[in-house]
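Below you'll find the structure I mean.
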């Protein structure tokens, strides 16, 4: 549990100088003690050979227990380690990194090293001065464990049932009049258990029955979510059933809107429409379900059948990899029904990945022939012209009774039944769509054509510029119709998948408390979608729990702090509402920002955005960092010791600097490093404060931005770069070199590179010369 | 004897041939397992001398290219080293398929003049006549089956080898070794050929 | 091993011609390593790699059927052969007959023409595999009275010896079919040095080399080159066709590629016979090599 | 569902790789007690040894750092390293796990100051780098190790060097007399996240892994490219340290092969695309050939494939090479048939990377003390006994990439919670 939230009436700081791990050998601890008790006016200053030892911990704990201190300043190792030891309930903990970033990255005994150590202590004391323990935000109204599941297909049904089994009440809404979605139409399903070789029975009816029979689940068919406001714990949703509106407060939302088939008539040249015997895989599934294995044209029995998997991304951008498995399934089922059938599968790269290889081999063993090649055309007489690259010629193949075209799964990240939203559709593809540029590059050449075909795109300038217009112009209206400043849609990635960081954190949503799962997030099979639903339900529970406890969800799990807005000096500039990556800040009618605290992820981007410095956290605020910047003893130019201020993202750059220390990479003595929650939280005012304070250079170290952004707050690094570009312009207007402020992207693995980067920068700053403001 | 080859359709790519191979060639039922990875052709010691190589032969069978397959020199370059077979990631008996296709090519008149067919015939002559292979006689018969002049040429070219063999007692001179019960063997082979022919007729 | 292991011995056609020295040396070393070879009565040709082309599939299998029928009459003991092609064909044929009811019926139908039948469940094995799995290297080392110290040997396994499972999925109890170690083990058990020779399962061209040497001489050249690069004094092999091809074509290769190869190619059994202190001519049959293994001959006990 | 309340509401997570970490955290952040058991000295499993993830080319340590911070903040997670489950009895809601803890010879007093490593002299193979370099017998598993604590290799115990190591430690952290111990713990549900190991490349005779240092595996390539790897991230020829500018990737080295792993390992295609990108990033004049059967850019990965395919320095060659030998100049020669052109090739490379597949840690033949329902390959079925309280997470349940592993781990956490929640 986080620290208790009682008001601290009087700050009683204690400084604990650790001498272990060679600290006392490398720096002058006597001098530090003198600094603490002298200039820093902290008489309670102790030393120990190893504060992390049982003895050392006991010493601090006793001081806390006795009420001697309520702010513990430990000058020892990095704040990233020994967190279990240095944990004293009832006291605030401030850490000064003397080991990794001082003695391990600087030569022992030197004046510069001692100056750095002294500054580390000054910074810690300054931090303590502006540090208050966070308090929970005013209790939001919490809806209890009531979950809204949107979509009544297999994913939504599973989500509803799993949530009910975990103790929630559930409302399941489905836009059509029937539950089961596309899964209902599959005659059989892909294998999901060992030996992964045979199509398995479709048990969707059992699932529907279980949901309908569960008292904790309310099923609403013919229902749309026409409005969503509020936030986790208390989303305020409007459910419209047959035209009638119903308001409901729900704790979290699982979006399982699934997919729709790609339009087979867009598969150019493959004969769809030219003959009734050219059918899509969806239509062939109907044939399998009917059990009548006959040609559509004349009712003759099916004997020789070709399946075509189009791997060509121009023909079909949604060739999801699932299509291949569906073809295998259908071919096996056909063979079972017609054992003498001759079945060909024309494919390019055959994507039967993972255990699906067993399924593929099963089909091969059964005698289904997989022929690698690009299908050039399918004639009205079902002659297939295969560019057989293996043989090296175009092979006309005839004698087929039917040709089945594999289609892809298009994610339902919008509701295609609805008109596009009047406002905010431009935000459907977020400005950080990581793959937009890639897709644009891949599509270069036919982009114009595509744009013409695409249904009436919302051609906002932004969407055009970002080059992913083909994808941006997805048809349809919003699924949840979010009443958010950031627009009504869920942000999507390439090809319209509603997702975020899908590698490490598959449910790191960009709309807190709303979790997508199933094929809306990624093309997936029924089994995979069921699993995905379970994951999303768990995250939904966590979001409700966090709202209840007024703490943050991932990645700052359990954080009680939240941004507080001093509206008295707010200029209604709206930067905070626009830049919030999570859509947590809305605008009131009068234009003032209003925080939805349960949506907030505590990154501080709003704080960094605010030009009048009126957005602050109790334990992380403008004044705190300002004081920390000012606390450093900046020597005058005659000392020939420049000072460089580094703002380091605490998740990547700061650990990289620690690891540079672990590897004993030697760092320039001129830098002073301040960790920040996210580069997005860096206020331009800190830069001016630093320049006024005589720093000669300022470097911002953030994560990779752009297409493959790595920021867990989505766009902190990108925002910082933008802000610093305008700072650079200001510098130039003040006749200062714009090199004095620099933003760099470093990854957590850059421990060697970040050292070189800073050392080079120090050389560069020395070459430029000292800050003319120094000493003023 | 094997079930008759399917009629050649106007279309070169007659799927009937793929089906015929599946049903009539040893290992043909495993053809559908091929994923065209090329490990077989890439492993073949004399793949460079083949017009197609085993991997492409399989692709051509599956595309129904009867004449091209049965007249391919690939069938005649197999050294029976079985590398393709042991390396095949799908466990396809590639060597057996190639060799049986060679037998079929002979059977259906695609290979009357091929060296290997002639060699095989010389070999079988010795085996069926004596019950054993007489290396000298098989070789000689084979050389001369290539034509009288070619026979002389080959014989002379290998004269030194032959002399070496004679010198070390490794070339048998005189009457060929013969098994005792040659009569029995002849009867067995005749009956076996008869059964095979009957079976082919049954399937017609 | 106290009692001898008895096998029905199938020498194969080459034992009467090009691979007489294999047959002679095998028969010589067998008693030393506890093996009794009882020659298969009136055995016939296995069909080799072209029998089915020349005579058809079933007649070709019937050849194997007849040999097995003869073996059955001789008892339940395993059939063993020293020849790679005989092994491959007989092993594969045996497995097919045993697993395919229809084929077995047809083969027996044919065999009945000579009052024979095969309904037993015999095992067909290769001599090398018997030495590896039944005899063991300890037994070999025990018999070595004349260690071949200083002799550098390239162990050339060839293909078919280790590929009995070409058309069946069983058989062949070797460590691997791509990189088998047993020839090196034999060599070292005999006190010689096994050189690092990476073409041990490379193909010599097989019967194609007999039919059309021009197409395959480069394969043998590569094998010889690798042996020469490894500074081998001799190449040793278990395969009759490999032995003949690699030995006999050296002149032709030298002519075609301008090389100067003159590397003896001997059977492992010849190597063993010498190491066992046996007669170099009568038992090891060293005189039968057209390229004489002089260094080995010098090491042999007179 | 079983009757009545579960006896234990603790969830045991076996395996501290990305799946185990994820499952443990997701359950703990729902307020459940979790015991996270890791066989090795630190968390992170296989992903710690990856340089970057596909398709974003981001570093695994980034996500791990967040996860480690989450663990540090969460008192509900009890982490046990050096701990392996030896036996399981009981039923859903009431399991008894027998755990064997092997000695680390370093206790929790360790400050990671490194004095012990300085005192040590003997060097052993660095398993973190797949033996491509050496570490001292007293070592930190790697720079991002969590817990950040040293370990002493058993080889040195009982030698004078061990005493010297002990003396060097000022914090009484070295305990040379630690013994293996076995203890029991209760849990109401078990999540198996036992992960995978690379298929043994030595078994692929034809690809010559043992015949040249310049023929490496894909996991070794990750270390070669990693800044904390044996070459500080320089992709070089291990034989002579020269830049590797002609590089071949051999796909399906073991996977999709009935003689080895019959299934597709799913990750290798994308991993090789990533490796090609590594090489091209380091050497603008490098050329990479990817030998493949099918490129399986599954799910959302096709754009990444597209990008790599558009790189003129990366060639896609449809061909499963027959064999790889060492050529006359000592470089590996990749031999096979180029399928599209039907050209028999023999090409020399500076470096050949075998895209070996994933084998479950519980593959047949592996030493597995606990009997859990698994398939013929050693993968656990998705929910280990549907009515029971045991679940698989990550690659223990099938060949998955990281995204699918974390997804399955989150699902497993929910199922485990359902098994232990009261009422």
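Per-chain residue numbering starts at 1, and chain names A, B, C and D are given in the order in which the chains are listed.
Please note the rule applied: contacts are C-beta pairs under 8 Å (C-beta built on N, C-alpha and C of every residue); 3 or more make two chains touch, one makes a residue touch a chain.
Source: prediction; values computed, not measured.
The minimum number of touch steps separating chain A from chain D is 1. Put simply, the chain closest to the centre of the protein, by Cα centroids, is D. More C-beta pairs in contact connect the chains of B-C than those of the other pair, out of B-C and B-D. A separation of 22 Å divides the Cα centre of chain B from that of chain C. With each centre defined as the average position of its C-alpha atoms, the distance from chain A to chain C rounds to 65 Å.
Centroids built from CA atoms put chain D at 49 Å from chain B.
Note on chain placement: the centre of chain C and the centre of chain D lie 45 Å apart, centres being C-alpha means.
In chain B, 35-36, 55-56, 83, 86-87, 90-91 are the positions where the chain touches two or more neighbouring chains simultaneously. Looking at chain A, one finds that residues 350, 361, 390 touch two or more other chains. Looking at chain C, one finds that residues 178 touch two or more other chains. Chain pairs that touch one another, listed by label: A-B, A-D, B-C, B-D, C-D. Those residues of chain B that touch chain C in the shared complex are 1, 26-27, 45-46, 49, 77-83, 85-87, 91, 93, 95-96, 99-100, 102-103, 106-107, 115-117, 119-128, 131-136, 139, 142, 160-161, 164-165, 167-172, 177, 179-181, 183-185, 187-193, 195-196.
By the touch rule above, chain B contacts chain D in their complex via residues 35-44, 47-48, 52-53, 55-56, 83, 86-87, 89-91. For chain D in complex with chain C, the residues that touch the partner chain are 205-206, 211, 325-326.
Contact residues on chain A toward chain D in their complex (touch as defined above): 1, 20-22, 49-50, 52-53, 77, 80-84, 162, 165-167, 192-195, 313, 319-321, 349-358, 361, 389-390, 392, 434-435, 438-439, 441-442, 493-495, 497, 499, 502-507, 522-524, 527-528, 531-532, 534-535, 537-539, 541-542, 545, 554-555, 557-558, 651-652, 655, 659, 662-663, 703-704, 708, 710, 712, 747-753. Within the complex formed with chain B, the residues of chain A that make contact are 304, 342, 344, 350, 361, 364-372, 386, 388, 390-391, 395-399.
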